[in-house]
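Chain IDs A, B, C, D and E follow the sequence of writing; residue 1 opens each chain.
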Amino acid sequence: MLQTPTGTDLYSLGALFPILAVLLGALTSTLLGFWVSRRVLTYLNIGWLLISGVWMMTLWDQGRQAFTRAVTLPDGQPLLTASLQADNPALLLGLVIIVGSLMTMLVSLDTAWRARISFPEFDAMLMYAITGGLLMAFSGDLIVMLIGLEIMSLSGYVLATLQDSRRAEESGLKYFLLGAVGSAILIYGIAFVYGATGSLNYAEISLRVGSVSGLLPQNTGILVGGALLVLAGFAFKIALVPFHQWTPDVYSGAPTSISLFLSTVVKVAVFAGMLRVFSGALADAPGWASVLQVLTAATLIIGNTAALLQANFKRMLAYSAVAHTGFLAMALLGTPATGGAALTYYLLIYTLMTAAALAIVAALQRSEEGMSISDLRGLYYRHPGYAVALAICLASLAGLPPFAGFFGKYLAFQAAFQNGYVWLSVLAAITSVAALVYYLRPGMLMFMPDRTPAREYAHGQRPPTTIAVALGVAGVTILGLLPNLWYGWLGNPDIWRLLAGR
Amino acid sequence: MSRDFIRLLPTFMVFLPMLGSLLLLVTPKRWRDEVAGLLCALTLGIGFMIWRAGGSDLLSVPWVPALGITYSTELSGVSLALAMVTAFMSFIAVLYAARRIPNPGTMLALILAMETGLLGIFAARDLVLFYVFFEDALLPALLMLAIYGKAGRMRALVKFAAYTLFGSLLMLVSIIGIKYLGGSPTFALADLRANVVPAGPTQTWLYVAFLTAMAVKLPLWPLHAWLPDFHEQNHDSGIPDVMGTLYKVGGYGVFIFGITLFPDASLELRPVLMGLAAFTALYAAWIAFHQTDWKRLLAYAGLSHMGFVALGVFSLNETAVIGAMYLLAFQNLYTGALFLAVGMLQERTGSIEVRVGGVMTQAGALGGLTLALWLASIAVPGMAGFIGEFSILLGAYQVYPWLAFVAGITTIAAAAYALTAFQHTFWQARPTGGIPVGDLVHTEWLILILPLAVAIFFGVYSAPALNLMQPAVKAVLAALGGN
Amino acid sequence: MLLVALGIAVLAVIVSAILGPKKRGSRTKLMAYESGNDPEHGGVGTGQRFPVHFYLVAMLFIVFDIETAFFYPLAVAYQKLVPFAFFEALTFVLLLLVGYVYVLKKKVLEWA
Amino acid sequence: MPDWLAALLITLLKAVLLTLALLTTFAYMTLVERRLLARMQLRPGPNRVGPMGLLQPAADAIKSIFKEDVNVTLADKLVYTLAPIIAIGMALSAFGGLPGGPADSLFGEDPWVYNLNTGVLALLALTSMGVYGIFLGGWASGSKYPILGGLRSSAQMISYELGMGLSILGLLMLVGSTSFQAIVGWQAQNGWLIVFQSLGFALFLISSFAETNRTPFDLPEAEQEIVAGYLTEYSAIKWALFQMAEYVNMITASAVMATLFFGGWKGPQFLNGLIPGISDWPIIWLVVKIAGFLFLFIWVRATLPRLRYDQLMRFGWKLLLPLALANTMVTAAFLAFRGQGGLWFLAVLSLAGLVALLIMSDRVRPLWNTPTIRREDDTATALVRRPAGGD
Amino acid sequence: MVPTTSYVALSGVLFALGMIGVLTRRTAIMVFLSVELMLNAANLALVAFARAWNDPTGQTAVFIVMTLAAAEVAIGLAIIVAIFRKRETTNVDDLAGMKG
């Protein structure tokens, strides 16, 4: 079974470079932190991220793979499987992760000190988490996906606890315990999927699942069970109802720049993994879709109604992240061709707008508990730039054109609709109204004149945060007016048919 | 001017105000009024150019090719008429805003931004584009309410936005369904018309979802509840109300998209919808009668008009539809102008209460013009409203005589509530200790006279507008396969 | 073997328990030894605190032990996989080294 | 009698015999150790019970069985009793996997109780289980000194576990198997591994001392500091079981070293010229080698003073661990790039490493011998002279 | 040969026990131990399936899972210790500073 890798394989490590660059950044910041200031580290890491991003672009359409293995199928067909694949979906999702990470870094430049998390470990852990996230997006088998997920989650637990405060610790422990439970369930599910199909590689799994002869009838039960467990495990990580309870506590308990990271990059990466697993490997497996649609519906309802009741802006954004999980999961219910594109589009938009909104919160809040919604009153007259930016983000989150959130929602609706989940799109439309209401209140409060003294941090407006916010707002606006700039890359259905690498 | 150039004009017309809105951000304070006014006038001018050319042809370029979304615009027929009225009333609004609002930069920018959305709605010939503009107009409206509104505006805001979004998101689902189930390659209207969803429950449900959005914006009972709050909580000057009135585009949406894309469903649902429309008209008139607040009164009056419009559109009868479009276009003039008149009244008396009393004796011009506008509003012959309402009733009678009769009562009710309120404010004895009221000054004359003049002009000489509308309506109804 | 070994051990304890003298000791005799002082809040699990260093050692051990666990299969199969495996091992050790240096610099390995 | 039952019974019999053998060895080890230590310290040692004190172990055994078994009030009874049982159980079972000779050589049976092809791993696993015995014993006593002893002991044992595990990686790379039989067979062909892995052996030896809590690493039971460490509250047979475990571990460690680095059960080949097949005789050669290592253990105890705790930990982490890794990587590099070169080069490399280490010892010692003190104030780098006798 | 189903059944029981532990235990350490139990259940299942398919991938996966478990232990214990040192409790019910 063991095969000595060949020279071509070493060459194909080029496909790995985007990940390696980030990992290198992580390693250097682990060590360099003893000698240079954190600010320098962050700049360096931004550089690494940019290198990684650019490298990803050069890999476009090359379909590079790494750690390949030739397998002979039972019917004599040869099949080349890979543990890591730098195919187009991986690159697209990887770029989304890079964007989110860049914004996190920019924000952390300004706020980490105030949040008392300005340790070099913060940068290191961030980079490790990004490495894990990229691994998930590039994964070619369940084990690589799992490794990526765990690297990311473990770093995430550390990040959430990094601040030496009771809130952060509480949030970290909750995140950790529930994350660990999620991982355990996921791993058990992976074991079952392996048991049913005899392989951990996406390509092989999808082949065995897809062909009738590939799966013994008694294995179908195991497969369904495994797929459901995997789904439940993922559901913990992306906070699908009823596995979402940790989300608001963690997101609102962690320092805001970390909440930003956890609610964007981490979620993007987990969705990337889900896309690989469910739209790729298990696309033809029965059972999971019907459960996912129920979970999605529950998420939409509960996430949106709970967000309505929040008084704290940061916490409201946390619940809105839950609600958005519902929309994102809808995209997952589409066929791989439409769903993948919709999901990836939405993920970028989601990252941009959530990150920009949280960046503003991070910059303006007085304490890491975030700011209450009523504190936003009259923000327009004190920080007109941030207020308008925040309003745009909120409008985009609510799905109002001409901002890109609309197209994200549109694509998600379309993906679910075209795959026969009409009722779900209708439900999503109705719950969006609730979403609009809770986005609208802070959004409009900002523009209402106010005579009481300001309740936000006066010196919050700083260049790096402004760059991050501008990036998010410009992205959301431009992609809303010209969605094709991004959708043109991912609109080709062919690239999504090969999610499993086959 | 070549046809190709005219083809581009709607795009200019739509985006010029938005450009102006952005321009205002960098314009020095003292020039803002002039810039806004100039751009509005320019927009109107472009409208005239298109009108002179007899409407523009369809311009269609891909927007998001992978999704079949196109950028298709066309201003001709009904849409041109509506667009021009919109541009005209926006101009009026800008005029009044420049006079009334201190430091009006923000307000002017919002008016212009909203004008873009509204013009876009009329110009769009692609369903998604239509949706985008439809929502796009919402944001400035919300902001006007948020920035200039009154104490209870948050509630009004939420109500307004929630209703609108509720409808439009359902419409979004419907849009997706229309293309997917009909098998059209793009969302362009022409393609969609060529690939209509086959008749049956699917088409009906899609129509219902689409209608929900339009019914909110018409508005149609029971989805009208946002309307009075919206007007009541808005700035006293009435400027946002003008824009809000212009935003009542539901009838147009049903006309341009609804009827042609859901031919069977619209026939099937005709009795129900017409019933609802007639009820809305009557109900709104009845409620209006009880209002003690000019703005709420006007809101319900507008709602009543919209009931008429809906009655006309849903009847699928040529005469009625033309009447509906006519009414839809021109009621903007006098309803909008009335809101501004109320604004002027408020400026003088400090209240929008109906029972101020005795204004006529001190501000004769204001009272006179308001009365004239009211007469236009209650469809006195010789005013534009009359032609619209009469055609609607005539057409509706051919379809469902009973409903036409019910709706006809409304006109009488309208006279009742309008004149009662007018009498309370302007004629009745002035309470002791009342504030002295000055008469119209400066541009205020223009602001009230211009709309009135237009309304009278088209009430007397309707040919230009009818010539514009008739072919368009005929074409749409022809797609239905006759009556 | 395990059974036998445990069996003998258990046997020894039981035999001793049977044969040994059975006296109730006095309270002092049965008290925990604390150099002659009365024990302070002794007993199992009563919130005694250990220096955090011990936890750190335990965590470090886990990390490095896992590393050992990874190295064993590699070592066994090593000669079939050279020279690729060397680079893999090198990468692995270098990664480890980063962690090691970090730990060193953090002075976790200093006992004072 | 079906075959499987026969096999089972024979295995059981072997197990019982081996256990008895180990316990006897333990008993006499105590005597030998005391006598030897006495000799080295120029005193007589135990010589009253039996001729030359030969019955002393028996007397000790009888004493510990009949002695009163004190259960401290605050102890967790079950764990308190279980701990020594675990300790001795793991110690005894670890030995069973070591081969005493070629297959079928012991009256037609295999001279081992069980044989796994992951022998080294199993052995390491079982010996490291021993730490549970000590730690649980310390914890369950419900007293301070035992807990401290238990903690120290576990920290020490896990620290040196790493060095131990890593130091034989080079060896495993050379052999390519974790089965003891394969390792012995490899050495029969290529020569003893001590030659090629002298550095590895040195590290392994040191780790073995630490793992068995022997001087100079016997801190968990250091009387002067923490009374008797985890043994403080133990008496009678339970105490004896702990002692037993320690000595059995020592025997096992000796056997492992003999097997891994000194050719295992194989005798020297040249003796075959005198008596054919003598090098394949079971048990004997192993016992001889074990005896040699046991002597080493005692010798070291008589010679070296105990380390301070901080020295111990620093030594393990700062010297042993990186050196073991380095050893592994050197071996790996050699195997990857040796081309057609013989193994002798590796032997030279390894020896050179060891020699270099010894020569450089004065340079290396500060790594683990001088503590950097962190204080609340800013004299972080100031070195503090400590009394030589420990903390 | 013990049939694969028995192993899987055993692993299922372990997993269920772990799950019950997670749901009922209130101290962080016990929850955490339950999670470890679940992970080991997964390992058992992986090994059993690997044998059934006669494929070493499953066993490799066990290695990875073990690593993950170890990493989780390291980080989890660090968090728990940090919390314990500050609050003298690891009862998860006491960690309810944030609600809603």
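The working rule: contacts are C-beta pairs under 8 Å (C-beta built on N, C-alpha and C of every residue); 3 or more make two chains touch, one makes a residue touch a chain.
All values reported here derive from a predicted model rather than from experimental measurement.
If chain C is ignored, touching splits the remaining chains into A, B, E | D. Touch-path distance (fewest steps) from chain C to chain D is 1.
Chains that touch both chain B and chain D: there are none.
Compare each chain's C-alpha centroid with the centroid of every protein C-alpha atom shown, and the nearest one belongs to A.
Counting contacting C-beta pairs between every two chains, the top pair is C-D. Compared with chain B, the chain whose C-alpha mean position is the greatest distance off is D.
As a whole-number value, the distance joining the C-alpha centres of chain B and chain C reads 79 Å. Separating the centre of chain B from that of chain E, both taken as means of CA atoms, is a distance of 63 Å.
We define each chain's centre as the mean of its Cα atoms; on that basis chain A and chain D are separated by 51 Å. Distance from the chain D centre to the chain E centre is 32 Å, each centre being the mean of its Cα atoms.
Taken residue by residue, chain D touches two or more other chains at no position, since every residue touches fewer. In chain A, no residue reaches two or more other chains under the touch definition. The multi-chain contact residues of chain C, meaning those touching 2 or more other chains, are 58, 65, 77, 80. Here the touching chains pair up as A-B, A-C, A-E, C-D, C-E. Per the touch definition, chain B reaches chain A in the complex via residues 63-67, 69, 128, 131-133, 135-136, 138-139, 142-143, 145-147, 149, 153-154, 157-158, 161-162, 165-166, 169-170, 172-173, 176-177, 180, 209.
Within the complex, the chain A residues that touch chain B are 341, 380, 395, 398-402, 406-407, 409-411, 413-414, 417-418, 422, 425-426, 428-430, 432-433, 436-437, 440-441, 444-445, 447-449, 482-484, 487-488, 491-492.
On the side of chain C, the complex with chain D involves touching residues 1-6, 8-10, 12-13, 15-17, 19-23, 25, 27, 29-35, 39, 42-44, 48, 50, 54, 57-58, 60-61, 64-65, 68, 71-72, 75-80, 82-83, 85-86, 89-90, 93, 96-97, 100, 104, 107, 109-112. Taken in their complex, chain E has these residues touching chain C: 63, 66-67, 70-71, 73-74, 77-78, 81, 85, 88.
Interface of chain A with chain E (complex): residues 1, 142-143, 146-147, 150, 154, 157-158, 161, 166-167, 169-174, 176-177, 180-181, 183-185, 187-188, 190-192, 194-195, 198-200, 248-249, 252-253, 309-310, 315.
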